[in-house]
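Below, subunit A partners subunit B and then partners subunit C, in two separate complexes.
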Partner chain A sequence: MSEIAITPVQRTYPSLKTRMSPYFKPWPHAIITVLGVLLIGYALVSLFGWAVLNATFGHATPDACRAAGGACWAMLTERYNIVLFGSYPAGEYWRPALAIVLVLGVLIASGFRQLWKPALAIAWVVVMVLSLVLMGGGVLGLEPVSTSRWGGLPLTVGLSAFGIVLALPLSVGLALGRRSKIMVVKRSCDAYVEIVRGLPLLAVLFVASTMLPLLLPGGNMIDTILRAQIALILFQAAYLAEAIRSGLDAVPKGQAEAAHALGLPDRLVSRLVVLPQAFRIALPAIINTFIESIKDTTLISIIGLIDVLGGARGAIADGTWMGFYREAYLAVGIAFFAFCYILSLHSRRLEQEFANERR
Partner chain B sequence: MISRERLQGVTFVVAAIAVLAWLSHNFSANLVAKGITIDFGFLKEATSFPIGESLISYSSGDTYLRALTAGLLNTIRLAIAGIALATVFGVVVGLTARIGHPLLTRVAKVYVEFTRNVPLLLILVVCATVVRALPGPRQAWTPLDGVMLSSRGLYLPLPLIENGMALLIAVVLLIAAAWATMRLSLRGKNETGVFPRTGKLALSGCGVILVGLCAWSVSTMTLDRPALVGFNFRGGWSVTPEYLAMLFGLAFYTSGFIAEIVRGSLAALPKGQSEAASSLGLGSFLTLWLVLAPQALRLMLPPLANQYLNLIKNTTLAVLIGYPDLVSVGNTALNQTGRAIETVTIYLLIYLSLSLVTSVLIRQLEKRAQLVKL
Partner chain C sequence: MKLTGRIQGRALGCLTALAMVGALFAPLEAQAGKVLDTIKQKGNLTCGVGQAVPGFSAPATNGELAGIDVDFCKAMASAILGDSNKVTYRQTSYSERFVLLASGEIDVLAHDTTTTLNREGAQKARFTSPNYFDGYTFMVPKSLGVESPDQLADATVCILQGSTFEVNTENFFKSRGMKYTPLVLGTWEQLDAAFFGGRCDAFGGNYGNLAGSRVAHGNVDDYIIFPNFLTLEPYAPSVYGDDQDLFLVARWVMFAMVEAERLNITQANVKDLAASSTDPEVQQLLGAKPGNGKDLGLSEDWVVNMVSAVGNYGESFERNLGKGSPLKLDRGLNDLWTKGGLMYAAPLR
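Presenting the complex of A and B:
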């Protein structure tokens, strides 16, 4: 047997000259490069001066901040509690913090297809109950905290995460309903999705906050947070249904036909063959809907709830720290951006993975 | 025997009716218990609140109907301007990637990612804060004589043209005439192969008259420049700081999504199209304008329509900024009258019809784009 020499593939890197050429050729590009470098350099230098050199860190008074002239990070150290936890009792911050960690943990686990097992659904139920108990207290020696004091990050995370998870079953029903052969079902699901997608979320929140108490028995008994949660679920379900429908449409027709030919009843064809594939295809779109819903949660301030952004607005609204809006909004913006950007990277990676599998 | 599908359909209807009946039973019971009646008569009653800005004349004491109409017009005004500005921003950002300069491509990417991953409300709140923190009227920023940007909003000189209405009608008629001539001449060209001379003459006549009219009106027009009187500006054409913040914030946010649509649909075209165009000797602009854009437009329109609809729906965030749009005025009306159900019904009907009208308009546009035969 003759030996086959295996030489490793040499990966060649383009020379510096080749890599730099689009910056300078054709000649107008050189002008853009010079101007761009100058502009970005100037911006970075002034940002550095503001955010680091002239900034005030740690604990400081507003006057000390004004004297320093730069960013007042002290404002965040003094006020982080309002931004993060709203008016939750100060001694109990570990409870919302733990609840957030739990929800984020199970949320991250849900982003991986390998972990899609019945246990995950159970984990969701457990986390929901646990986090509500943690936030509300009243049992296990935890001091009761009324929902009117809930606010900040727990509301943002909880409303968006529970919203998407609880909207999921509804949206699967809607998506399947839109493909139903029964006309009444198809028409009703079509109408629901189209009507909700035609409405602004702000109006839906508003409708929920005024109409829900009137539509349920017992008058005004329903909590504002619950109203917001129901509105978000009903709203997101319509968008999720579209995402799932696109997944359903992408499953080759032969799959269902083959399952039928094997003698599977309709119900099982959907559950065992079509839906799992549709979900896999739709996962990036579902994550994108989730990103939108995280951003959308900021709108709950219309019905008087305080999310992270509301907390930031509150932190600078009182007399002491007025005028330090840059720091507060920058911090909130970075937090939203980081979280949503990681999600969108994950969604893109899944899409790529799927495209590779298909090839 | 009844088929299974039929049975399922009947079950669905029965269940739906049961749920609806339960809800409406609760609804009427609650209405009775709270003594609430549904009555749109309040629309004819007199209001007791002012509105910051309005396209129609409105003052405290007019009817609620007029107040809501003013709010709706503010919404529509913001939506139309926002769509126009967002499209301009979006197309510019979307096309920067085509220049092929790595730095510009990167900047466009950052722009898109930023708008995608930051909540609109945050952008709007920052815009509103920035506009409010602009220098006061006395220290207004004046880049050009008569253009003033301050915490009171943007003031621009307003051209006053004598017989403006007559001029406008004349210009519209001229353009219509030119368009008709163009169509007729093109039809003639299709039949005979040459562009008819009468058509050429008529078109250049139209052009000459149009240029003449413009020159005449520019020479006779006077500019109404805004001037500082007391603590505020008078005269000129102005927009309020809230409108400015809403318009810019909405346009910025939506333009990121539009940029991605523009970039994506151009990138989705087969490479052979641009290669063929450049081998025919077309420059990069003509390639884009004559070959790529008409094809990309067909891909672009459906997602673009979605973004326009989103922008229209997002104008409702004005209530959190203080711009008097429909929801903002409606909420004030609601607080004054307590007519929650009626107000909410008005919101639903109006936003649904706005969405419907927009999607019908876009569908018309799509049909036209489809007519571009390949």
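Presenting the complex of A and C:
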């Protein structure tokens, strides 16, 4: 038996010259590269000049800001409370702040598979109740705050987080319903998903806000925020249902058949075999829907609710700080990006974990 | 971007129409006095105000809303309930304001809203006398050397897309046989940047908005806003439909604020004057000589409560829009009739 020499493949790193060559050869590439670098460089230098060199930090007057010519971060120092909390009573900011921390905490915890236990569902319910109590007050010696004064970041975070969490079970039902053998169930789930997906969220919100009170007896009693929340849940559920259905369809039929052959009842086949696999497959699509729903919450301004974007508009509308919309919108943009990026990091890590497991 | 804006606008228009049709089928609950009675009963007034409209309704540093529209809500609450804090503010968007008024979700609408025939006739809003007169005009850089809008031939004009401003501008230039180049943009911020960046010679808009932009830009003296308006936009608060009693209160609250200014009754001296004034007009307005309150179904000290809470019309104007505010608007048309303005009160007797 002859010996086969197994030598490890030498991994060679290409030299700098080789790596740079696609950027400069043939010669038109060089022009594009040089122009591109110059353009990006120019943009970065101007941005740096605006955001740092000529900017006004800390406390300052609007006139000082205008004289400096750059970004007026002082505007955010003076008015951050309006951006974050809208017209929530000034002395009580710790309450919405704590509510946001609670919701974000349980949201981030939900991204870790080790914590996917029934306790997590209980934690969500507890956080929902706690954050509502914190915001609304009226018990435990907390001063009552009418929902008409809720606004800013708590609304954005609350509506999107609770929206997705409550839409999830509904969407699983819808997705399973669309695969049901009972015609009535299947057709009504089909109809629901198709109709809701065919409507713009703006219209759904507008109808929920303005038509509901006209059509329902006592409709005026339903709070606007609750109306928006219901509209968001019903809307997201249709999209999530499709994400989950795509996952369900991707699970090989053999899996369910094998489970049946082992004598598992239908209910358990879904719960133990099909759904967990479907979730793994659909995870990127689910997170995608979540990210979209966070950004969709900005549409609630059309029904008179002040989200964090509305808060930013309010912050620059008191006359004194008019005109500093770049800073306000940039701050809101960064906040949205941070939320969405955290979610997408979570999603990427989970996908990696699932992929490793499958090997 | 522009296209979606227009489509969204249309979709909203359709929905508003739909909601209006819905309102026709809803049981007509509004009977004389019902809304006013409900307000008194629950001890709270729901007021629809603007979202972030400088000088009209915007959050102050402590998060409380402030503005001339907010002041009207406070005046209403103190006249009816004796306490300016008994107001629930609903910050409404422009597209939903009349639907909310029709559905009874808001009792009073004070939302930088122009009185128009359609809004009174078809949408059944009942407007009080105006709390602010605005008008369409142009702002130009002083360096352009133009002294009246008639010299704006061949100018490039910055205009907000999808607004009546487009029509106003078109009518103005057409009627004078002048050519112009419109630069139509979707948001006020874009227009602002375009005008102060020198992309257009003139900036068309309502006086109040233009003055706000000019202050925000800083160099107030470098720009002229023509004081001769092309249109008149009388902004007025409104209530809905058949509730005569609530309408009367709203109408006379506005008149009383203006009359208090004419009689030099201020937040500071109203209590003293109520107790000691010998002027028969002051006595009647402040309820020392009773009657007005009874006619409106209010307590006789309604004007005292009102002026103690928000001051007279002039004080409210100066605090929110005028010299005491960052906007620094002149009184102009909003001055009293005795000083050449349009603000007047029918006799409160």
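Here is the rule we go by: the second predicted complex is superposed on the first by the 325 of 359 C-alpha atoms of A that agree within 3 Å, B and C clash if a C-alpha of one lies under 4 Å from a C-alpha of the other, contacts with A are read in each partner's own complex, and residues count from 1 in each chain.
The criterion applied here is as follows: contacts are C-beta pairs under 8 Å (C-beta built on N, C-alpha and C of every residue); 3 or more make two chains touch, one makes a residue touch a chain.
Given the structure is predicted, the values throughout are model-derived calculations rather than measurements.
S.K.: Given the superposition on subunit A, are subunit B and subunit C in a clash or a fit?
M.R.: Because the two structures are overlaid on the shared chain, the partners are seen to clash.
S.K.: Please indicate which partner A:22 is in contact with in the superposed arrangement: first for subunit B, second for subunit C, both, or neither.
M.R.: first
S.K.: Which of the two partners, first being subunit B and second being subunit C, lies in contact with A:320: first, second, both, or neither?
M.R.: The second partner, subunit C, only.
S.K.: Touch test for A:81: subunit B only (first), subunit C only (second), both, or neither?
M.R.: Only subunit C; A:81 stays clear of subunit B.
S.K.: For A:200, select first, second, both or neither according to whether it touches subunit B, subunit C, the two together, or no partner.
M.R.: both
S.K.: With both complexes superposed on chain A, which partner does A:138 reach: first (subunit B), second (subunit C), both or neither?
M.R.: neither
S.K.: Using the touch definition from the top, say if A:146 reaches subunit B (first), subunit C (second), both or neither.
M.R.: After superposing on A, A:146 lies in contact with subunit C but is clear of subunit B.
S.K.: If we overlay the two complexes on their shared chain A, which of subunit B and subunit C does A:301 touch? Say first, second, both or neither.
M.R.: both
S.K.: Just subunit B (first), just subunit C (second), both, or neither: which does A:214 touch?
M.R.: Once the two structures are laid over each other on A, A:214 reaches both partners.
S.K.: Among 257-265, 293-301 or 329-337, indicate the stretch of subunit B whose C-alpha atoms run into subunit C.
M.R.: Stretch flagged for C-alpha clashes with subunit C: 329-337.
S.K.: Using the superposition described at the top, list the residues of subunit A that contact subunit B and also contact subunit C.
M.R.: Common interface on subunit A, subunit B vs subunit C: 200, 202-203, 206-207, 210-211, 213-215, 301-302, 313, 325.
S.K.: Can you tell me which positions in subunit C touch subunit A when the two form their complex?
M.R.: For subunit C paired with subunit A, touching residues are 8, 11-12, 15, 18-19, 22-23, 25-26, 51-55, 58-66, 88-93, 95-96, 99-100, 103-105, 189, 192, 212-213, 215-218, 325-327.
S.K.: Help me check something: in the complex, which residues belonging to subunit A touch subunit C?
M.R.: These residues of subunit A touch subunit C: 62-63, 66, 78-79, 81-82, 85-90, 146, 148-149, 200, 202-203, 206-207, 209-211, 213-215, 220, 224, 301-304, 306, 310, 313-320, 322-325.
S.K.: Looking at the complex, which residues from subunit B come into contact with subunit A?
M.R.: Touch residues, subunit B against subunit A: 5-6, 8-9, 12-13, 16, 23, 26-27, 29-31, 33-34, 36, 99-104, 107, 113-114, 116-122, 125-126, 129, 309, 313-317, 319-320, 327, 331, 340-341, 344, 347-348, 351-352, 355-356.
S.K.: Residue numbers of subunit A touching subunit B in their complex, please.
M.R.: Its residues touching subunit B are 22-23, 29, 32-33, 36-37, 181-185, 188, 195, 198-203, 206-207, 210-211, 213-217, 219, 291, 294-296, 298-299, 301-302, 309, 313, 325, 329, 332-333, 336-337, 340-341, 344.
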